[in-house]
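Listed after this line are the structures, all set down as structure tokens.
Two complexes are shown next, each including subunit A; its partner changes from subunit B in the first to subunit C in the second.
== the complex of A and B ==
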């Protein structure tokens, strides 16, 4: 109890509060700018944290990332541009809702459930960090391989129309992810001797191109056909959110749990958490046919998951100094610089500091409600802008965002090329979301497959020889075979009934 | 509204005019912002040191030094971008040990002579780790076990294939008379995932730097067998390779500042002076020590020699590992 009081004293310091407030606005801004991700926001903060004590430094990072992950939903909702990769899973859904005049509900859900997910992740972090970190540390490449395959399976689930076309898109994404220097072999592939391509196709420009540029192209080709948005003003975003919590309480809990766990896995963060929980949401929904048509259920679950993942990622980071995602990788560096060494001893040596960090998580998530409301309010004016004025401005923002990721024109080229590809694909009924998923997971699948095969001396049985890997493998194979098994079972039952 | 725009426009043109006037007067480099290219991701070790250096240079030379991360391809993209930038002194970058490997690995044609090396500022020795429950007690036993049955063990490369830690472990093996190409090396994206694999039981030995393993060492999940250096690292109880197995080795990762080939002499001189001052400052020393980065200094011709030696060493090790393609 004394430590908690001491932690409160640390966090209620006016300087800390001021830092948290400033970081909140900074995070909102960066997150809602397409092309600027939460990771980049954290990296930009690092030089500023040189001049802060450990508590404000960590509070700044925590607040900024929480805000940025939520804020990524705002341009997704209005403009179909995911502000950060963590919003990509449900950008289409949110955009569809806005076009149907349900923008306030989509944004309200994104905000409210981000807050709940974020708080949930923090509570798990506070209560179970050492045990969960121990579990996460048992994952080797075998386990990661199955996890990545499970992630790829999501692509098929989330494809709105034809599952076959979803698989084609996914494979296209996986093939794009092969470009660049192979992680396992260290040899350049499909680079045509061009040095920019040795780094592979950058994710964020591809993301912006596939969602936003393709939308702009659709408008350019048929400005009349692209229906004007029904909505020109946003209503109260908090209307009906309590009802949503009640209706989707199971999904909310599932999203928060999945998000925290995926976040706790080193190497997988908020992006993957959002994809997976969007897919589980659809899989377990009573109305899976409504997904992809402007249905809020997936936003509830995935919106909670990506913010829960932020807390989860701190679990291995604080306990073992192993980053749970790219953000905590930076945060660990900051902790070291402040003389706070992550490790099990942090719970004994600096408990009040640790609790101060936890409190800053909670404070940041609660602050998200008013700041997020402000951000949505001011962004809502976009709705009343005429589309022929808005579209060129969006393109301008896309170009700036694609350039900013790596400060190179190559990013802009990538974005434009991907935009044209996505436009052609979507015109022919191929969904773009699976391509992004393939890009995100491609190297993870490949790298873990090859290193597992090396470890098992080429024996495929290695993938089943460890308890966790065996279980994950069995589950994955069962999910793949489930349509076939169900079909066989129904046929037998039908045969039994007729006999 | 209109009025505001007008005054902004006036202020802007006035400033432009002033800048034009001031131009020839203060011709000394740098007269405009300098871009610092970092070939590794934001938030990593190289990025952290680069941002610190950029800040100190900015304080000293009174011009913004903007850090730009050009990531990907195991550093090839960023290193190429530094080499191909205009050699006017307004684009410099941080280069790392990997620069000496690309040519051998067939990843790029980059070599020392494509750069104007300014100064080396950091060296981090590698170290060898096992999981806490490993039957191997010390470095001597480790090498004996590796010698006795090369096929029995899986070795983490601790970095990408042919990366810094992979080569550090390789050069120790060469010294100790082991053949690095007889072993199965498991690549990873860096030290953290490699150490995790080691704890998870996926590999038997992993090389990385001591600070990178600090938390896991403190947690009692890992043991350090030796550090590939001629002196011990303060704060860690890892013996040097000389003490542990009787081999003097100094192998690890280094970082330095360089520009494209043919940078103006004046810029090189000013930059070297500013860097040396930054390197000596208490702010830089405190930062490097608190993050666990080793301090090292070599400038100009000395740094060129160091880079050439490093490139040759990389070739020797990579050939021995069986990775060199040419």
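== the complex of A and C ==
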């Protein structure tokens, strides 16, 4: 109880409240700009959080992402362009509804069910994280090694294009994390004589480069289309939402559960949660034929799912220090910079910080109702912000942000290099999220790997010698072997069929 | 700009070889079984295997796509010019901010980029200056980042 009161005191600090409010507007703005994702919003925010304490820093990230994920629905409804990838699953549906004059219902549902899903994800996070942390306290380097590897494996498996390319991205991320003084050995590796690299590749410029500069590069080579005129006059968005909650309560629950679960899986985030629950919604619907014709049911379920995923993603991040998606990967990087090490010990050493994070989630979700309403009301003006004015200003913001982390232009150069690498990789179908996971988790993987190798005297069997480690290891290896097993199984079945 | 997977694979194999060789040169303290070079070398081996896979993939699909295919925007000079503008802005900033000071460099970066994006000159200049002043106030005055003043040193 004392912890919770302490957490309330942390979060109700006027400075923190201002940060949350400002982040809410920032998140709404970036999320509603097509092409600017929630991850980019987070990356742009990180240089500013650098100057804050851990609580406002995390509260800012939490609020911004929650708002951005909802705000992505706004241009989806009006322009048929998803503001963030997490809205893509039901953009057509929402646009269809707007065309049929049901825009207020679509956006209202997106907003209301985002809030409900978000709160659901937070409640799950609050109730399960401490118990899981208790369990995780028994972990040794073997378990941590497998946990991290399992997380990284999931991130690769889920990569939308080729898994081979996902693995390459991951290895590149791990390699980048090797730069600088080695964790176990104290020897400066791959610093090329740059003093600035002895501490490793600076994380903030790297993030800004990978998620913002690459986006700007993509923008300058993309054909520029004039924005279509927007019809944004809507009725009351909250009319009929209670009825929708009653009608689709099952779907709402299913979307929230699926969203939280998928969010908690390392590597999969809000966008995959939305796709999966839109599909399940259609599958279990009584009127599946209406999907795709401007039917609100899928928006209810997937809209709840993508916001629930945000809370879910924090479960592995806080309990094991293993991020659930690229946003929590950034957040973990920020926590490390603040001297807070996510993992089970955080539940013993900084419980008030943890509950402050939970509270900021709830606060952010409740704040979403008024701020979201405001954003929908001013959608006409928001959507007419000209990209050719916005992009140069974002570029300047990137530069100052990269400079500000260690007050040298080395950050700007790092950002440039990482931006070009990320752009080239993404153009060629290599996902960027595994790079960031590898970069953030690299030193943890290496440290636990080396110390496990030493404990086990170089024997691979040692990695399976403890019960939890053995189970985690077996699951990981099974996932690695699954393509081969699947292939063998298909061959046998084909052979059986022809015989 | 899309390269055939084989091109990427070959580059990755070369990169892996470099990492492996460089990491082999890291000193390992006496009595330590796994030195600073162990993990990078392991990663290099994995990367090389993936590179081989990409080469195999790429050679299989070579007839369809060729070695390099340019996105439509990059077939015209405009697209390349755009990339040059962004990279030039970042490099230019790194070189010029000490000499010209933050305000002037930032205005140059923002206004220059806007002009390239066909914003009319006067609004581009005004917006560039406004962005420079606003970010200066936020970062230098509020967050105390020592942005260089250049010729304005002592004046503000």
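Convention: the second predicted complex is superposed on the first by the 276 of 499 C-alpha atoms of A that agree within 3 Å, B and C clash if a C-alpha of one lies under 4 Å from a C-alpha of the other, contacts with A are read in each partner's own complex, and residues count from 1 in each chain.
Operating definition for what follows: contacts are C-beta pairs under 8 Å (C-beta built on N, C-alpha and C of every residue); 3 or more make two chains touch, one makes a residue touch a chain.
This structure is a prediction, so every number in the text was calculated from the model and none was measured.
**Student:** If you stack the two complexes on chain A, which partner ends up touching A:266: first (subunit B), second (subunit C), both, or neither?
**Tutor:** First partner only, subunit B.
**Student:** Touching A:213 in the superposition: subunit B (first), subunit C (second), both, neither?
**Tutor:** Second partner only.
**Student:** Which holds for A:458: it touches subunit B only (first), subunit C only (second), both, or neither?
**Tutor:** Second partner only, subunit C.
**Student:** Who does A:427 touch here: subunit B (first), subunit C (second), both, or neither?
**Tutor:** second
**Student:** Report for A:222: first if it touches subunit B alone, second if subunit C alone, otherwise both or neither.
**Tutor:** second
**Student:** A:416 contacts which: subunit B (first), subunit C (second), both, neither?
**Tutor:** second
**Student:** Taking the superposition as given, does A:178 touch the first partner, subunit B, the second, subunit C, both, or neither?
**Tutor:** second
**Student:** Which of the two partners, first being subunit B and second being subunit C, lies in contact with A:48: first, second, both, or neither?
**Tutor:** second
**Student:** Should A:407 be classified as contacting the first partner (subunit B), the second (subunit C), both, or neither?
**Tutor:** It touches subunit B and subunit C both.
**Student:** Can you pull the subunit A residues that subunit B and subunit C both touch?
**Tutor:** 184-185, 187, 407, 450, 454
**Student:** In the complex, go through subunit B and note every residue touching subunit A.
**Tutor:** 41-45, 47-48, 51-52, 55, 68-74, 76-77, 80-81, 84, 105-108, 154, 160-162, 184-189, 192-193, 195-197, 199-203, 211, 214-216, 218-221, 287, 290-292, 323
**Student:** Any idea which subunit C residues touch subunit A in the complex?
**Tutor:** Residue positions touching the partner: 1-3, 5, 8, 12, 19, 22-23, 26-27, 29, 32-40, 43-44, 46-47, 50-51, 53-54, 57, 71-74, 79, 82-83, 85-87, 89-91, 93-94, 97, 106, 109-111, 113-114, 117-119, 127-128, 131-132, 135, 139, 143-147.
**Student:** Along subunit A, where are the residues that touch subunit C in the complex?
**Tutor:** Going by the criterion above, the answer is residues 48, 51, 162, 164-165, 167-168, 171-172, 174-175, 178, 182, 184-185, 187, 189-190, 213, 216-217, 220-224, 386-389, 391-393, 395-397, 399-400, 403-404, 407, 409, 412-413, 415-416, 419-420, 424, 427-428, 446, 449-450, 453-454, 458.
**Student:** Would you tell me which residues of subunit A are touching subunit B in their complex?
**Tutor:** Of all residues in subunit A, those touching subunit B are 39-40, 42-43, 46-47, 50, 137-143, 180-181, 183-188, 195-196, 198-200, 202, 266-267, 319-323, 326-327, 329-330, 333, 336-339, 341-345, 406-408, 447, 450-451, 454-455, 457.
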